[in-house]
Amino acid sequence: MPDTVDITALHGWIREFARLIADHKDLLTELDAAIGDADHGINMHRGMSAVVTTLESESPGRPSEIFKRTGMTLVSTVGGASGPLYGTAFLRMSAIAGDAESLDGTDLAKLLRAALDGVAQRGKASVGDKTMLDALSPAVEALESAIEDGQPLAVALGAAVRAAEEGRAATIPMVARKGRASYLGERSAGHQDPGATSVTFLLAAAATSLS
Amino acid sequence: MPDTVDITALHGWIREFARLIADHKDLLTELDAAIGDADHGINMHRGMSAVVTTLESESPGRPSEIFKRTGMTLVSTVGGASGPLYGTAFLRMSAIAGDAESLDGTDLAKLLRAALDGVAQRGKASVGDKTMLDALSPAVEALESAIEDGQPLAVALGAAVRAAEEGRAATIPMVARKGRASYLGERSAGHQDPGATSVTFLLAAAATSLS
Amino acid sequence: MNKLINDPGNVVADALRGLAAAHPELRVDHEQRVVFRGDAPVRGKVGLVSGGGSGHEPLHAGFVGAGMLDAACAGEIFTSPVPDQMAAATNGVDGGAGVLHIVKNYTGDVMNFEMAAELAETEVVAVVIDDDVAVQDSLYTAGRRGVGVTVLVEKIAGAAAEEGRPLDAVAAVARKVNSQGRSMGVALSSCTVPAAGRPTFDLPDGEMELGIGIHGEPGRRRVPTGTAAEIAEMLLAPILADLDFTGGDGVICFVNGMGATPLIELYVMYQEVAAILGKAGVPIARSLVGPYITSLDMAGCSVTLLKADDEILRLWDAPVRTPALRWGV
Amino acid sequence: MNKLINDPGNVVADALRGLAAAHPELRVDHEQRVVFRGDAPVRGKVGLVSGGGSGHEPLHAGFVGAGMLDAACAGEIFTSPVPDQMAAATNGVDGGAGVLHIVKNYTGDVMNFEMAAELAETEVVAVVIDDDVAVQDSLYTAGRRGVGVTVLVEKIAGAAAEEGRPLDAVAAVARKVNSQGRSMGVALSSCTVPAAGRPTFDLPDGEMELGIGIHGEPGRRRVPTGTAAEIAEMLLAPILADLDFTGGDGVICFVNGMGATPLIELYVMYQEVAAILGKAGVPIARSLVGPYITSLDMAGCSVTLLKADDEILRLWDAPVRTPALRWGV
């Protein structure tokens, strides 16, 4: 049953996400400098470093626990817009994960759908507003339909990553309507959204670690 | 009697001094920038412009009056160190001039000696402290001895100017002990003193206008 | 980057230690980065909590004290604090009459304060400040930013709370001040975030950024620098176009320095602002001139007008005793 | 030069108009450029007059009011006012008990105040402030410059005058404060005099001018920039070497911003200064942190220590009500 995601794999996912954030900290900050306040990479790196430390010392044994610790740590350490948004995403995944010891593809799709809904609620943004939603939303849809079609998890996650990447690219011409970039009005067009970029790393980390 | 200085000549002296200051405003300010606060040219120009305006509108008819209006206007408009110093110099000349309608060489030497004493008292500086005294003092001495030797005023004033110029040059290697330049200690050496420069213009103006 | 700091990562912690040392009348929780009134919680009084990213000093911690805030949360430079901080502040100032959150309208601040309110153990009402006319306001955007009016709300709502008014009434005063206040700012130089180490934006000599945000967010447009009179006109025109300030009891006129602009220039600006208001028939009832909501080492200023009435003026004049604003006590 | 000004030649006049508009409790003689307490002259009280070149705001006009100065004379930027101004100020604050001149020790200031005293129609005593340890003091030089201690003298002598002490006693307090106070400053950037239009000195990135004067006069030496902790050490070492601050009733510790340095950095500095004083066994009795004696748009700070005793602390704590310092009233 290669499509079962156990707790070790989930630890790997979070660590891999932290690694991608660390590696691309400057990229994220530069993207944010263009249309925001030049801290997205710094914020996410501070948060994910704290998460890695927490998970190492506490080593949670259940999916719901690992997501809860991740979400709470992000809420407590990131601040700004991305702290509550990523925090809410992981806390919603934790709530959905319930007592499960491991997850399958269908579970994973449900979790990410809950994360997406949480981000949308918290941020009151819609697809097209030039936010992380523009990468996360198509990714979740791609994952859901691939799983529904009975695709193996690896294939389904691959499709999700591609959808996220396309969504990320689609943010470039958009005029921001939410977040700090919205102050720029028309001047926000022509720049890739930092949050859409970091959330694409979350999907990429899943594809690497969960299948 | 070419050696009699009348009121018209004295007006000419002040106007010529004002002209030299105006022409060398930037030089004086630059010299002050190096070892002071970059305002000597601005200060003297503000003051001498005001003096010219005052003399034009009031047209004082006696030597004591012209020096008094000049001194008081300088005191009231220049500020900084040079205001009280130049002001005192002219006010002392006014006091010595008494009721005289015109001046001869001996009078002029006495007046400038009084001016020198006034500056020294007011500023509590000595020759060698890198101030206007270093040009004014040798100039007064040269004037006195030339007049005592019976030289014509033109010759005597020429000697005074040359002495002032030498005194001015002598300030270059000096380490300042008075005024703002003294804060620099050893770093004040190698720069010509702004006040010694402006007072040399006062003597040069005399040589042009009084003989 | 010439700054009086140690490790760029420790600026906020170091500054809070300095604040605590210089102001023994305040209590600083260095763990949570919350600055409390020394006597918090005040029994029976509505607690006032604000906070936001650091770098805007004296806002907010400089406004903690009798007649103003009960606590301020300090985030990283230009980054909203986290809900844990706001929850700790909220619980720490809860005197039994509930707590007002004064939140500047930035996505991060709004969301973090929302989560804090969910975590807090007492009744919380939040008032969101959005006075910056440089930003287009609409239902479909993040809305206007909270800038200069924040200072006025903290003072005026603080006085209302000090009078013993209930939570709803204090919140209503805060909302009234926000609805009657407008601001606009200009940058003459960029700020430099210590951790970034270089200016947030390039501003060639001879140009200025009109409508700048307090985090160095770009403004409405870049224009050639002007005289103080011209700049005052550029700042006031959109403010006066947005709200009718005539009639009523005059305005509180607040000319704010961005951090690197000396007071002498602010007085020059104030004079031009006062002249324009005089011509526009807007009487000035009270004034405030100085650097109160700054943007690190940015040069520039902002102008805030608040349409006042009897109640607002009385609360403005009420005693206040904080590090940065102090009168009547 | 990005400044909020109109004609560079009118900066002082414009700023005085702004000050007058923002502070109706003061009376400004725009002709003579003298700022008076609204109720000057105060019958039977010693009058306090200070003044100097402009560009150091809030010094001196920001310290005019009850408990501090009765009048301040504003010179051109960085240029001493003229005797006419000081004489007008002196005559205007003469309440029959004589007038104290508080003079910063610069050749121009000293001479202009001397001439003013000769012109004035009342008894005048002058106290010359010379606290800057960056400058070598000797009988044969112009002596130390007057810097941060000026603010403390104006406050403390102001309180003594407000108490109704006679001229000699007020002068004695001022002299005591001057003799027990020491300062040292550092520049992280040059200032720009508006009329000059370019920085007074070149300071490459990564260097600072240690021992800077408040007019941008060069300091003791140019050194590589350091951390706040290192800078605090460089400023305090010569101060502590010059006077024994241990024993007694602690110090008033004043960390001053030069005009373009934001408050957050001053608090970082204060923290380091407090730490060094703690190690040196010098207790801090009172503190003051902020831009109070500035140098136009220069970045940097100065540290002033005043060895306090009971009398000084009581006078320091006494009520003061001025635009820039206000407490106890």
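Labels A, B, C and D are assigned to the chains in the order they are written; within every chain, residues are numbered from 1.
As a working rule, a residue touches a chain if its C-beta (ideal position, glycine included) is under 8 Å from a C-beta of that chain, and two chains touch if they have at least 3 such contacts.
The chain lineup, named per UniProt: A, B = Dihydroxyacetone kinase subunit DhaL; C, D = Dihydroxyacetone kinase subunit DhaK.
Everything quoted here is computed from the prediction, not taken from an experiment.
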{"item": "Required minimum of steps from chain B to chain C, each step between chains that touch", "value": "2"}
{"item": "Chain whose mean Cα position lies farthest from chain A", "value": "B"}
{"item": "For chain C paired with chain D, centre-to-centre distance based on mean C-alpha positions, whole Å", "value": "29"}
{"item": "Rounded Å distance between chain A and chain B, as computed from the means of their C-alpha atoms", "value": "79"}
{"item": "Between chain A and chain D, centroid-to-centroid distance (C-alpha), Å", "value": "55"}
{"item": "Rounded Å distance, chain B centre to chain D centre (Cα mean)", "value": "33"}
{"item": "Residues within chain C bordering two or more other chains", "value": "none"}
{"item": "Two or more partner chains touched - positions in chain B", "value": "none"}
{"item": "Arrangement of touching chains [line / ring / star / complete / other]", "value": "line"}
{"item": "Touch relationships between chains, expressed as pairs", "value": "A-C, B-D, C-D"}
{"item": "Partner chain D, residues of chain C touching it in the complex", "value": "1-7, 11, 14-19, 21-23, 54-55, 57-58, 62, 188-189, 203, 205-206, 208, 225, 227-229, 231, 259-272, 274, 284, 287, 289, 291, 294, 296-297, 299-301, 326-329"}
{"item": "Chain D-facing residues of chain B, complex", "value": "29, 33, 36-39, 42-43, 75-85, 87, 122-123, 177-180, 182-185, 187"}
{"item": "Chain A contact footprint on chain C (complex, rising order)", "value": "53, 75-76, 78-84, 106-108, 111-112, 114-115, 134-136, 140-142, 145, 193, 195-196, 200, 213, 215-218"}
